[in-house]
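Each chain carries a letter (A, B, C and D) given by its place in the written order, and its residues are counted from 1.
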Amino acid sequence: MTVRFGLLGAGRIGKVHAKAITASSKAQLVAVADAFDKAATDLASQYGAEVRTVDAILKASDIDAVVICTPTDTHAELIEQFSRVGKAIFCEKPIDLDVERVKACLKVVDAEGATLMVGFNRRFDPHFMAVRDVIEKGEIGVVEMVTIVSRDPGAPPVDYIKRSGGIFRDMTIHDFDMARWLLGEEIESVIAQASVLVDPAIGEAGDYDSVSVMLSTASGKHATISNSRRATYGYDQRIEVHGSKGAVLAENQRPVSIEVANASGYTRPPLHDFFMTRYTDAYAREISSFIDAVESKSPASPSGLDGLIALALADAALTSVKEGRAVKVS
Amino acid sequence: MTVRFGLLGAGRIGKVHAKAITASSKAQLVAVADAFDKAATDLASQYGAEVRTVDAILKASDIDAVVICTPTDTHAELIEQFSRVGKAIFCEKPIDLDVERVKACLKVVDAEGATLMVGFNRRFDPHFMAVRDVIEKGEIGVVEMVTIVSRDPGAPPVDYIKRSGGIFRDMTIHDFDMARWLLGEEIESVIAQASVLVDPAIGEAGDYDSVSVMLSTASGKHATISNSRRATYGYDQRIEVHGSKGAVLAENQRPVSIEVANASGYTRPPLHDFFMTRYTDAYAREISSFIDAVESKSPASPSGLDGLIALALADAALTSVKEGRAVKVS
Amino acid sequence: MTVRFGLLGAGRIGKVHAKAITASSKAQLVAVADAFDKAATDLASQYGAEVRTVDAILKASDIDAVVICTPTDTHAELIEQFSRVGKAIFCEKPIDLDVERVKACLKVVDAEGATLMVGFNRRFDPHFMAVRDVIEKGEIGVVEMVTIVSRDPGAPPVDYIKRSGGIFRDMTIHDFDMARWLLGEEIESVIAQASVLVDPAIGEAGDYDSVSVMLSTASGKHATISNSRRATYGYDQRIEVHGSKGAVLAENQRPVSIEVANASGYTRPPLHDFFMTRYTDAYAREISSFIDAVESKSPASPSGLDGLIALALADAALTSVKEGRAVKVS
Amino acid sequence: MTVRFGLLGAGRIGKVHAKAITASSKAQLVAVADAFDKAATDLASQYGAEVRTVDAILKASDIDAVVICTPTDTHAELIEQFSRVGKAIFCEKPIDLDVERVKACLKVVDAEGATLMVGFNRRFDPHFMAVRDVIEKGEIGVVEMVTIVSRDPGAPPVDYIKRSGGIFRDMTIHDFDMARWLLGEEIESVIAQASVLVDPAIGEAGDYDSVSVMLSTASGKHATISNSRRATYGYDQRIEVHGSKGAVLAENQRPVSIEVANASGYTRPPLHDFFMTRYTDAYAREISSFIDAVESKSPASPSGLDGLIALALADAALTSVKEGRAVKVS
């Protein structure tokens, strides 16, 4: 079976997914929709697809699955619509910035028995996958403490930040998902600290740019997350898991692995400076995994529920910062 | 001037200090005191020193300074006694497990104008010193986030744990001191999580073996500490400081730096398995710094106040765990 | 302009080039030829190309360039034929195992003014390119000593070895080219050592499996090459250049960059175990560079002359082993 | 038994050995001799030893062993004299720059049954010892190829070079010894290349500053040595051994192991800049090993024969450069 795709949204991330779909021998990009005609036309013509409206894709009999890369505030509605017409859905995170809206959306998805996958791309990074593999093989025994460092090369525009739902829902949400995925047990308590250290304009927009989070599970496992909106040395993405028999860590990625030595010392180049080059492989594997799920009619993962839980953790973190206390999540 | 030393306590750490004193061209080990005659005699004879009682050392005119390595519950009393007779004092941490007792002791030290240095040996580790040097030179800009991972190879006997004051006062106290030393700003708020993951007997003794701590300062700087009483891979001691212009980190230390490659991969040997081999250089430099302070009649650092603040942070962490909230320290 | 391609040879390496051609927005794979019908048909259908004979491709007006991936003994003849019909030629190394035959072939190429590029893929590895970039920017001053370690995961079948022209012409030839490329000066003298340490069958086939080579230039620069047909830890490919102001090195590549720590130490996974996964990026960039040369009608590099010189160095190395002396090359 | 030492030569290396002798609980520094009174007096007084003449030490009944750190041209004569009076001898390399003189000297040593150890300190470096340990445990199978990179931070004064016997006898001699020690089989053939790239004055003095050497054994094992008199990044000392089942390598040593990250990349400090700080541990262990040999009346290693063979390899390398051919050694 070839999975026939409609792509909703031909922006930056839409292009990444279009490439991944086309590269798969099991999938075909049939149609592209975008509010901007030119964006849709350019992307469609590059890959031999058609330009269609969202409505046309909804009704199309030659489309099995959609990839939703439109603005966040359209996600929940689109998921509901495509659930009702029986198409498999891949949606970029988040489903919505409001937990209640997400819950309502997932009710529809469940009622329709729709296939829904949420875009937590980091689960598909080959290095992080290898970390999880080590855990699952029991090489480090029982997981005890997860440490995640996640820093962006630079802060996004303040306009973006205003619409983002705040750093916990926009940035840390990836790390909440990674923590759950690596702990292998649900998180019970969230404690967070947040400051504005990078840019006062971020504080004026009501957000933070530097946060630390501690998570714990019922059995007492810990996870620690450190986020900053700016790292001069590039896109700093490290995870480390300490267990009863050992530990495993994923190193940072660099575009080239050379080293220059001189009187100043030994210098390796900075890290990747952009999430798209850092996670190129992850994006490709993510779509590949979705295609496999659709083709084999098996549940897609990470699921809508994974998206909901990560969002709830973000909300809890914000509450923790505001109230200076540990916040229980259920 | 040669600084003439009396050593109180000829146990494990006393031997380390005896060696450091003897290796210095500016110091001389004159006398050793220990409750166990044989311990005192063995150590004294190895370095050509005399065996004396504590009282004799108190009254000795040929002794300028003492190193206190006796059990913790004798520290405060000894510091007060030696302050009153005008001898310079190096005391192993902690001064006492009770903050009020420490305050009372420091009042005496201040009143007598005594020289007191507290044994936070990690400040003298050459790698950590190099980290601080990078910070002080402004190479990473303004410090924003300090990350400390500190894990012991294995838990001490439960008997030790019962007398230790608990993991925050016994183990994390070093990391509280490191965090302050690296942040360059006083800590204002402490949040902690604690579990028993390594050994239930530690829990039965009323203590924890796995803790995570977050600290913040008035200006919003963060520090994160991760502790475990057991790491199969050795004595895991890492610090990392992220700032506005860059970051600096100290790598773990290994007894030998070789790598073996075969079909299983590339393997480097485990870390040091004992704090004394890990911090050999630090112990030597620590005593050297104390000798310099005594010789030049300048204040010793870390001071009694540094010891007090670290202990207060440990208390705050314990309160945070018990009450599930951020605890302010003043 | 779109460069329209004919692919000669649909084997392992032919498939790699077909993928690279198709991935380029400036190129199109028009036709595939292979002695085995099924190989040609499978590859052509995957990329929407036609199956044609070599003769048909020679005469085709809709083909601008060919990629030659046929057996080595057909290369020179095919290069001559396609030179005469004005098509640009990319040919896998070597042009021929016989230096005189290569010279004759290049005479035809020159006479026809044909575009010819030889497949020394390693020049296009991003890490090695970064090394060269560092050299060209003057960051390490004047190049003095190049060190190349190049070891295969395992020896090829003895049947392959018998037809390969021997280890110097088959394997070291890549390192001769790298040495020239990095030294930035022609090699004047070759000294080599060779043994059979891996598999006696290789010795019985008249070849070696373990060789060391030293090269020198007129100005006294050195290069050292170490080759083995077997490395249990994977495909070991390192280069290092020492100069008057510093040094630069390219580290080995691993499929995943994780590290597992336990009581045995810290282990990173083995290296890539196959040249095609190790040099995936290099193959893509190589064809991309050829397409650029054809499109812009500029000379392709590495050239036929580069191929000839590397082969002459291989011949000199063999002579050096046999005669136990330094062999001059001109 | 306490081994009672006389030290001949109170210069730079004499001081290092004096410290090592004094630090041992099994040895005592009894007397120091030096042509310069002040040098002898300073060193003797620091360690509570006496100043004596060489003659007095020769005749002393309270001295068991001598450490010879006098100028090279006195070594052979002193070894012979002290052999005849039955004292154990540790002599800095080389015994002499002339192979025939060394042979004559060793004949006396043998005839007298004297204990003689030659100062190839690198055999006692803990990292290199760990490499050899891995080999001896069979972890990498049969040794096939040894790669040694050895570069000095900067060239010594030309005056020193003139008296040094040339780079092969002065610098590479350490690497010849390491190669033998790691190959575990005698070297049969030497091929070398040598240039003047660092400083023309070295060439004018009749020496080289950049050399590459290839060695082979009867069974076909290889070793490669790369030497330069100058490395801007510090004292570059690496060994790597490739075998049938794997490989082992010793990394370079740095004074501090920190890393600074910023927009220019990740920088670790340069290597040690002086052989004495690089090989501090090696010097201490070397003397310790000599003391053990004297105390237990077992043969000392490396022996006089080890010194002779390394010198013969240096001579062979020089012949190889001059005659452009492989030189057999027996």
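Please note the rule applied: a residue touches a chain if its C-beta (ideal position, glycine included) is under 8 Å from a C-beta of that chain, and two chains touch if they have at least 3 such contacts.
Because the structure is a prediction, the values reported are computed rather than measured.
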{"item": "Chain at maximum distance from subunit A, centres defined as averaged CA atoms", "value": "D"}
{"item": "Distance from the mean Cα position of subunit D to that of subunit A, given in whole angstrom", "value": "58"}
{"item": "Distance from subunit C to subunit A - Cα centre to Cα centre, in angstrom", "value": "40"}
{"item": "Interface hub residues of subunit C, defined as touching at least two other chains", "value": "232-233, 245-247, 261-263, 269"}
{"item": "Topology of the chain contact graph, where touching chains are joined (line, ring, star, complete, other)", "value": "complete"}
{"item": "Touching residues (chain side subunit C, partner subunit D) in the complex", "value": "142, 144-145, 147, 149, 151, 189, 191, 193, 195-198, 210, 212, 214, 216, 220-222, 224, 226, 228, 230-233, 242, 244-247, 324-326"}
{"item": "Of all residues in subunit C, those that touch subunit B in their complex", "value": "232-233, 261-270"}
{"item": "Subunit D partner contacts - residues on subunit B that touch it in the complex", "value": "126-127, 129-131, 134, 139-140, 245-251, 253, 255-263, 269"}
